[in-house]
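Take a look at the structures below.
Heads up, the next two complexes both have subunit A, just with different partners, subunit B and then subunit C.
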Partner chain A sequence: MFFQQIVNGIVVGSVYALTAMGATLVYGIMRILDISNAGAYALGAYISFFFLLQTGNPLVAVVMGVALTAVFGFIVQKFLYAPLMDKSPNVALIAGIGLFIFLQDFLRLVGGPQARELNFGAMLPSVRLPGLGLTLYGTWFLILGATAVLLLVLWYLLNRSTVGLAWRATAQDLETAKAMGINTNRVVAFNFILGYGFAAVAGILVGILYNSIYPMMGDVPAYKMLAVIVLGGLGNPLGTVLAALVIGMAETLIGGYVGFFLPRDAIAFVVLILILLWRPQGLLGRRRVS
Partner chain B sequence: MLELRNINAHYGHSQVLYDISLDVKQGEFVTIIGANGAGKSTLMKVIMGLVPVSSGTLLFKGQEIGSAKAWDRAGLKIAYVPEGRRVFGELTVAENLKIGGWNEPPAELPRRLEKVMAIFPRLGERLNQAARTMSGGEQQMLAIGRALMRDPELLLVDEISMGLMPILVNRCFEVMKQLNEQGTTILLVEQNARKALGAAGRGYVLETGHIVLAGSARDLQNDEAVKRAYLGG
Partner chain C sequence: MPAEQELLKIIGLKKYFGGLKAVDNVDLSVKRGETMGLIGPNGAGKTTFFNMVCGAYTPTAGKILLNGEEIQGLPAHAVARKGIARTFQITRVFKDMTVEDNLLAAFALRRAPGLWASLGRSHTKRNREEAMTYLERVDIAAFAKQKAGDLSLGYMRRLEIARALALEPILLMLDEPCAGLSKDATVDFMELVGKLKSLGTTIMLVEHNMGVATALCDRMTVLSYGVKIAEGTPQEVQSNPVVIDAYLGEAEEAG
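Right after this comes the complex of A and B.
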């Protein structure tokens, strides 16, 4: 039982890490909380579902879901956020919320209000370890494997590549990065492509994990990813991973053992409040001196 | 080399620069002095492409650059030392310098790095340290070194003396004079008028967005109004 909860917590945490990574990247550069990233999460799952219906090929479905959502991210940046950048960040925030609501209703109109099955899970075998009282589902391996690979690729990209150096410089000081010859328009576009691609992967994996997608599936992630981002220290990718694991673990352990008078989704926010009382800048955030 | 004709510029809704005309010839060391809030930093940002030109002509080596992106202007070998240093604090000294030479031919960079480390040996000792862990003076050296990685033809320097110990201010002015003697054209914006006019060949006085006076550094040093307003009597 205990191991089962631990593994559960890691799986849930991995999903949160992927879900919040897209918005973390966007916040890192743009300093806006991109709620519509949670819309991309649902959009990716639906595009993937559509291609699974059309082709029956899970690989094609996943690739198309991620690629088209990434293209969508590029469009959102160019036509929604770029024109708003010289306005107050609240304007961009509200525009993002508007786009999120639009996407949900769009998916409901096109895909219908009912839940759909994203049925890859049945293709993956489960492993039972009765000695430890543990069942490991095939979908878990998929999620843990995909999360680990994607986060390693991201880490490499941000910390070891030239593009990553441009990303980190732009995240710290966009104006100075520009003056140093970095084409920050390209960095921002790349950032949205990456951020929305991540959201799509998360939506698809969650769809597979629960074998279900529905138009409002981005609702809970939309606010939970905010908790993860804030807890991680706002725009810090490593902090987001850490915060996601902390929240995932807290949800499964507190929910599983202590029981709770609040709904399970509220645990994330209780954890958020408690940790922020101790570290107002988040787990890996640095206090900004202005 | 650099020519501004009737430049107007706004910051948000308010106009900051009015009808600015000035020129900097190849090999010159020119300074713009003025009080806090006169529009000096905005003028530098207009030249670098960080604040848009509202109207007027901005020429670099005879080419109109008023609507070029900042990164393209950097590619023309205009380098910028921003006010308040603005080094990338979370990045290492080596990474900051690498960014200074962004899009420059890679084969050139080791030689330029050597040169920067020869001018500021402290940077060489701290290549792998995060920039934010260094003192203000070291960060100023890094900001200058970062700009030199472009091997600039025109070096824009915004307030080099602010918040630095006098000994470091002197060192920075020495470095700029040396660079100028080696052929780098320099445009320096500075509140410390005494230092700036001591180093530059020519100067302009900027007051509330207008150029009110121009001349050789020596003439400006001897000008009664300049003495009163900027040189402490």
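Right after this comes the complex of A and C.
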């Protein structure tokens, strides 16, 4: 039972990490909280569902879901955020919320209000380990594997590749990056493509995990993603992973053992408040001196 | 002077902010290998002028020719790729990155144009060795692995210069590089600029401090209220009554 809860906590944390990673990347460069990233999460799941219905091929469904959502991210940056960059960040925040609401209603109109099955899970076998009292579901391997691979790729891209160098330079100082000959418009576009791609992967994996997608599926991730980003230290990808695991684990263990008088989704925020009292800059954030 | 000697030629450059004529109809030329000083009292339009040459501002009117090619209005990153490297008045190193990564950011991307190449490794042996040569040139190679934000101000300035040199510029533009430095650091810094000059680097230097500018520049252009009021060798400029008036006027206003 205990091991079951631990593994469960890691799976939930992995999903949160993927969900919040897109918005973390966007915040890291643009300093705006991109709520519409949670809309991309639902959009990716629906596009994937559509292609699964059309082709019956899970691989095609996943690839198309991620690719088209990434293209959508490029469009969002170009036509929604780019024109708002010289305004206050609140304007971009409100525009992002507007796009998020639009996306949810768009999915409801096109896909219907009812939940749909994203039924890949049955294709994956489960493993029982009775000695440890542990059942490992096939979807868990999928989620843990996908998260590990994607986070490693992201780590490589940000810390060891040339485009990552340009990303970090742009995130720290846009003007100076330009003076170094870095085409910051391209870096920002790349950032959104990557960020929305991550959101789509998260949405698809959650759809597979619970075998269910619905138009409002981005609601809870939208605010939980904020908790994870803030806890991680705003725009710090490694901090986001750490914060996601902390929250995932806390939810599973507190919800599973202690019991809690508030709904399970509230645990994330209790954890957030407690940790921010201790470290106001977040787990891996830098203390800002103004 | 023969045209081929002119690396940078600026004709009738203007920048108006609404009714304010920050830079008004300024001509200027910089010859290959020389150090040109752009001086003037506070608010004379030096930094605005500088920012137009670097592509940070779009001029209201006028032409900027680099090697005979018009570059006015190009975005800043395109100007940098044409070979104009700059430093900032307030030092802007990438503070959370190591000293080495600051350098790599300046040339790794140029080495790897196109999407696929830019997904390749940034910290190749060749790139790191080259980064070290630039750091050695400004004597901060020992700090390569340190976070740039932990350097002293004088060393940050050196890092900025190394980063600018890593762009392999044909024109190096320094915006008040000695502002805020201690006396010793200023002397060290002037030595460094002297070393760069002897290597044949063409430099445009914005400077508020007449002493620093006189020591470093071959020629100077003086701006006041956005207009060019004098040009010549440091000796000519210093003895020019119009220039003395402009600087004295500032001293009186300040007093």
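In this section, the second predicted complex is superposed on the first by the 290 of 290 C-alpha atoms of A that agree within 3 Å, B and C clash if a C-alpha of one lies under 4 Å from a C-alpha of the other, contacts with A are read in each partner's own complex, and residues count from 1 in each chain.
Keep this in mind: a contact is a pair of C-beta atoms (placed from the backbone, for glycine too) under 8 Å apart; a residue touches a chain by one contact, two chains touch by 3 or more.
Here the structure is a predicted model, which is why all the values come from computation and not from measurement.
Student: Quick one: on subunit A, after the overlay, do subunit B and subunit C clash, or do they fit? Just give me the call.
Tutor: On the superposed model, which is not a single observed complex, subunit B and subunit C clash.
Student: Mind working out whether A:173 is in touch with subunit B, subunit C, both or neither, as first, second, both or neither?
Tutor: A:173: touches subunit B and subunit C.
Student: In the superposed arrangement, which partner chain does A:165 touch: subunit B (first), subunit C (second), both, or neither?
Tutor: both
Student: Name the contact category of A:157: first (subunit B only), second (subunit C only), both, or neither.
Tutor: In the superposition, A:157 touches subunit C alone.
Student: Applying the document's definition of touch, where does A:182 land relative to subunit B and subunit C: first, second, both, or neither?
Tutor: A:182 sits against subunit B and subunit C alike.
Student: Comparing subunit C with subunit B, which touches more residues belonging to subunit A?
Tutor: With both complexes superposed on chain A, more residues of subunit A are touched by C.
Student: Does any part of subunit A touch subunit B in one structure and subunit C in the other, and if so which residues?
Tutor: 165-166, 168-169, 172-173, 175-184
Student: Over in the complex, which subunit B residues touch subunit A? Could you list them?
Tutor: 48-50, 69-71, 74-75, 80, 82, 86, 88-91, 95, 98-100, 102-103, 146, 150
Student: Mind pulling up the subunit C residues that touch subunit A in the complex?
Tutor: Touching subunit A: residues 54-56, 75-77, 80-81, 85-86, 88, 92-97, 101, 104-106, 108-112, 115, 117-123, 163, 167 of subunit C.
Student: Once bound in the complex, which stretches of subunit A touch subunit C?
Tutor: Residue list for subunit A touching subunit C: 157, 160-166, 168-169, 172-173, 175-184, 286.
Student: Give the list of subunit A residues in touch with subunit B in this complex.
Tutor: Checking each residue of subunit A against subunit B gives 165-166, 168-169, 172-173, 175-185.
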